[in-house]
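Let me begin by presenting the structure, written as structure tokens, before commenting on it.
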Amino acid sequence: MIIILKADIQEEQLQNLLEHVESAGLQTHLSRGTFRTIVGVIGDETAISADRLRSFTGVHDVVPVLPAYKLASLQAHPQPSVVDVSGVPVGGGYLGMIAGPCAVENEKRMDDIALAIKQAGANLLRGGAYKPRSSPYSFQGLGEEGLKILRAVGDRHDLPVVTEITDPRNLDQVLQYTDMLQVGARNMQNFVLLNEVGQTSTPVLLKRGMSATIDDLLMSAEYILSKGNPNVVLCERGIKGFDPQTRNLFDVAAVPVIRSLSHLPIIVDPSHATGRPELIPSCAMAGLAAGADGVHVEVHDCPEEAMSDGPQALLPGQYAELATRMAQLAELLGKTIPVKTGASP
Amino acid sequence: MIIILKADIQEEQLQNLLEHVESAGLQTHLSRGTFRTIVGVIGDETAISADRLRSFTGVHDVVPVLPAYKLASLQAHPQPSVVDVSGVPVGGGYLGMIAGPCAVENEKRMDDIALAIKQAGANLLRGGAYKPRSSPYSFQGLGEEGLKILRAVGDRHDLPVVTEITDPRNLDQVLQYTDMLQVGARNMQNFVLLNEVGQTSTPVLLKRGMSATIDDLLMSAEYILSKGNPNVVLCERGIKGFDPQTRNLFDVAAVPVIRSLSHLPIIVDPSHATGRPELIPSCAMAGLAAGADGVHVEVHDCPEEAMSDGPQALLPGQYAELATRMAQLAELLGKTIPVKTGASP
Amino acid sequence: MIIILKADIQEEQLQNLLEHVESAGLQTHLSRGTFRTIVGVIGDETAISADRLRSFTGVHDVVPVLPAYKLASLQAHPQPSVVDVSGVPVGGGYLGMIAGPCAVENEKRMDDIALAIKQAGANLLRGGAYKPRSSPYSFQGLGEEGLKILRAVGDRHDLPVVTEITDPRNLDQVLQYTDMLQVGARNMQNFVLLNEVGQTSTPVLLKRGMSATIDDLLMSAEYILSKGNPNVVLCERGIKGFDPQTRNLFDVAAVPVIRSLSHLPIIVDPSHATGRPELIPSCAMAGLAAGADGVHVEVHDCPEEAMSDGPQALLPGQYAELATRMAQLAELLGKTIPVKTGASP
Amino acid sequence: MIIILKADIQEEQLQNLLEHVESAGLQTHLSRGTFRTIVGVIGDETAISADRLRSFTGVHDVVPVLPAYKLASLQAHPQPSVVDVSGVPVGGGYLGMIAGPCAVENEKRMDDIALAIKQAGANLLRGGAYKPRSSPYSFQGLGEEGLKILRAVGDRHDLPVVTEITDPRNLDQVLQYTDMLQVGARNMQNFVLLNEVGQTSTPVLLKRGMSATIDDLLMSAEYILSKGNPNVVLCERGIKGFDPQTRNLFDVAAVPVIRSLSHLPIIVDPSHATGRPELIPSCAMAGLAAGADGVHVEVHDCPEEAMSDGPQALLPGQYAELATRMAQLAELLGKTIPVKTGASP
């Protein structure tokens, strides 16, 4: 950590600051420049709050040298993590290909879609039972009934399932039915929820918030890791942008940036990132080419009847075509798309 | 609602679309242009999902003509709402001047700050007991102990109190102690929480999320209103921006924009918006001049010792100076800063 | 300047780096921490390129301590600058109230508007003769004919005039007619143009680009100052934002941020910032309350007939009402709205 | 074009509006809804200004149905354009692989780099002679001396050359030496410059501005096309974002978005988009996978000595490795990387 002092700091203020830092067990190293004096802080800088240092009179700025997350960092775990989702590994060369409708609507539809995506090569099935909707008047999901359908369909097709958790009070219920918990973009900094899913051992798909920096995303992962759950898969799903052409702005560079900072798997979600089906294939391919550990695509067999987010889903046939191209690209990149076989969990 | 069709839509697709709209009890009106055909939808367009219409083959775009919120709109309630916070009205010419520390730390400090802001002219006291922090290793608040201190200090100085709610499971507890519930920016789209606070009758301070459009903010207010709680005060506290000079980007135009769309009071929070104490006074004055119904400022008597967000707090003396200037401006603008007197609630 | 080294930097790389810095006449100061080593650079850091240092093997990051601009900084000129626009001072307590149509259209209209804004209290007249339009098919301005009208009308009403320069090849022509040159937002980093206007002594109104940080804006001002022209007035006119409610995002905090960094006057332009006439008064008042040195408002007597940007103009009567409120606010803030009297320039 | 009226529009205002539209040779079609009346405008909507319509009293909003650009649109030219850069076709399945240093520094260095990138498989050589730099104190390029070096080196290695134009006054000079003119991001809306390059027949590489929407970019292309030069290649080079991890935000979805709107070739520039060499390969691959018609990468043999933008350049060996991977991906995608052979131009 580096503390940059104001030009007019007084000696007493400086001593006050140095004492504060040293009382936390850290050493200080003063460097008096022509225009500014800087203080190098030596030791474990997470023992001290940068924010609090910024409050000291005479401090111009504080520059952290290390990130505030530890467990999520490459320093803590230099090898890529592989997260096992009930038999499907994600990360470290294994791609998690998640597909399915936005919301679970009924068993017949779910079953048709699951069959189609399984045949196309997907290895994880998604479907929402508790839907966070921006309007209180929109369909909010089937609840436990939806979870039961998702579980049954996933078992039938040997596809581990992913579903969203929105309320800490129904975590126990959701855990009975799912192989992976999704924390949505709007809940990425719902720290109450992060603390709860951190106390399970179920894999968590943590989606990046629309205004979250990559540091913010990794700090949210740190919440989960710090509570004891190491099974976190990150997901880039588009951030807020200024061009209305796309629903969100797909930040594909987040993939290599996260790779340079963290061992956690990172997948991409071109459905939410673009909100336009005709853009999904290009962005899915881009994500894989950038090194993503998987791709999350919404698939619906009749978007016109979808109860949620129809416009951003591919048809099963479109998905199959994309999946073929993604498989070719995966091979070129030396990645494996694992398949779950054997008994249901 | 206007549906813009693709140039190559087929007659059968068009009929399919028209039937769908009409089956929802709406009328359609076709307008065939040189390059595009458009369909005007006549009737209550909230009866139909724009998203679902976008999924129909042959649809180029759907342009809603009315906002998706109803209860929050000026159409529903043409006069400005006045929210009564235990004797302090906010809105409709009455300014809510909220001040206090980021977190409740101890009773002595809370008492000193409350005395100072009361004397300066604030009429509502804030203090967090449950703190959403971006790092799991940061101070997370005193919990119920903090609520007790806040209540006692507020009563002592005749200042109704505002505190943040982060977990639906401790709503009952928080309600015992507070006059106003704050829903923070990171929880603006935590719909589970919005549903819960909507089922109380306690005033809610709803802060705008960092990537929320004003429509998003009003939709979140609609969640609360639609559950039966009409006492919502909105708060502009800065959105995500690209210039690191300020912690967030203070969107002062949100004040007149909201005024043009909604009857709900809107206050500004220059502390979170800027993150720099030297910018707070200018932005507080700007917010009032733009027509805000109040100003939320963090005040701490020793930022260097603050357990949270010290760098964005004013000292009590700085706040007093600002409060004097704000009172002059309020007078020029014909606004009133109400004072609670009489018995504690 | 602080250089943060990578953990794995080798001794030879470090020596190479230190030699490079020292060969530029600067001193270095090494501080070896537990996790990182940092190098403090002592001396005039503008003698060395941060970018080039970032290219050295083993360098993690470079943190400049001083801004890259010099002449625009408060260090170079601790007192606020006052720019004289042919008898109307702007800055240092004097407010520049600029009003007029987007484009000069004809002499009658220009004269009517000038009369109205003069009576309302404006002290500078704007009007574009060379219009940068996003469509090649839009009206591009009257050229020299427009300049002649602007000059004649300004003289008739004792209003110094402001007009935009877009092409270095007609600078001499424009200089014949105007009291102040405007460099538009889209040309803020047209360095060729900045160099040219820097070689005149005519006041320059430099508008902030839509994606420009405040540092970028001050660096563009530095171009002009470094060529010898000290008469620069900055203008905040809205930056790119994500909410379509407003045409741009009015960054009112830019006013106190610039005040904390530079001596140059800073005015606000709520017309371009919002693009909606009903929001202009609130944002104009907000800008003044934040400490701006003036307000730029587009005024047109028949927006329906305006050849450019009609929707963001106030009617003369609306402007007069706003001007009255701004004058009251200016008085409260202790600012003066100077009036040019006497002979034409 | 659709005009949405305010609920309280008066009959006379409506007639006034309809007359205005019809006087431009367009037809109107009224659709009276429950809450709003809308007017469909039938005919060539570019004959009328949406902005001007927005200024009419009683108009709530105007929704254009067709884009404002014509020549750049797919409607005007349904097949992908192929731009010939002195023997190297770009677009329509042919990839333009542009590489070279940010600035031409000296002939030896330029020659070494050109040899390396040619061997690696690049087919176009870049190098700046006139550099737009954000600081007036930075190296501004070698001028004509740099152009001469670039031309000589390009000829020697059979690489057509690309260089930036910043000043309309030296267009003739630059045209003597270059095969392709680059208009940089900061000049994307320098309409004076666009008009000038539009009057040549030399291919233009038009880079997207940092706050430009895709519509803005296509409107700037329209300027060039409308002046008679059809040889425009677009370039996505990163837009303004909020995360300091990358210099800009690489908007890879711009590739398929542009493909859905325009026939013009679109290439990507991961050097400027990320500003970090370790991210360039992933983003280059992502761009190609998304369907880009080429990749622009800065290459320098000694970034530590680069006079401009060293930190975002790859070393020749790094570029060769990336070029091999890009060639494999191009093959998978069915694209061709053309090579210029034979006599110099």
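Read from first to last, the chains carry the letters A, B, C and D; within each, the first residue is number 1.
Please note the rule applied: a residue touches a chain if its C-beta (ideal position, glycine included) is under 8 Å from a C-beta of that chain, and two chains touch if they have at least 3 such contacts.
Values in this document were obtained by computation on a predicted structure and should not be read as measured data.
Colleague: Sort out for me whether A-C or A-B is joined by the greater number of C-beta contact pairs.
Modeller: If we tally the contacting C-beta pairs, A-B comes out ahead.
Colleague: Compared with chain C, which chain's mean CA position is the farthest off?
Modeller: A
Colleague: Would you kindly tell me how far, in whole Å, the mean C-alpha position of chain D lies from that of chain A?
Modeller: 32
Colleague: How many angstrom lie between the centres of chain A and chain C, each centre taken as the mean Cα position?
Modeller: Measuring from centre to centre gives 40 Å for this pair.
Colleague: Report the inter-chain centroid distance for chain A and chain B in whole angstrom, where each centroid is the mean of the CA atoms.
Modeller: 27
Colleague: Mind pulling the chain B residues that touch 2 or more other chains?
Modeller: 211, 239-242, 244
Colleague: Quick check: in the complex, which residue numbers of chain D touch chain C?
Modeller: 20, 46, 49, 51-52, 54-57, 68-69, 132-138, 166-169, 186-187, 189-192, 195, 209-211, 216, 219-220, 222-223, 226-227, 239-240, 303-306, 308-311, 313
Colleague: List the residues on chain D that touch chain A in their complex, please.
Modeller: Contacts found on chain D: 211, 213-215, 239, 241-246, 249-253, 255-257, 259-260, 273-274, 278-279, 282-283, 285-291, 328-329, 332.
Colleague: Which bits of chain D are touching chain B when the two form their complex?
Modeller: Residues 2, 4, 29, 31-36, 38, 40-45, 63, 65-66, 240-242, 244 of chain D touch chain B in their complex.
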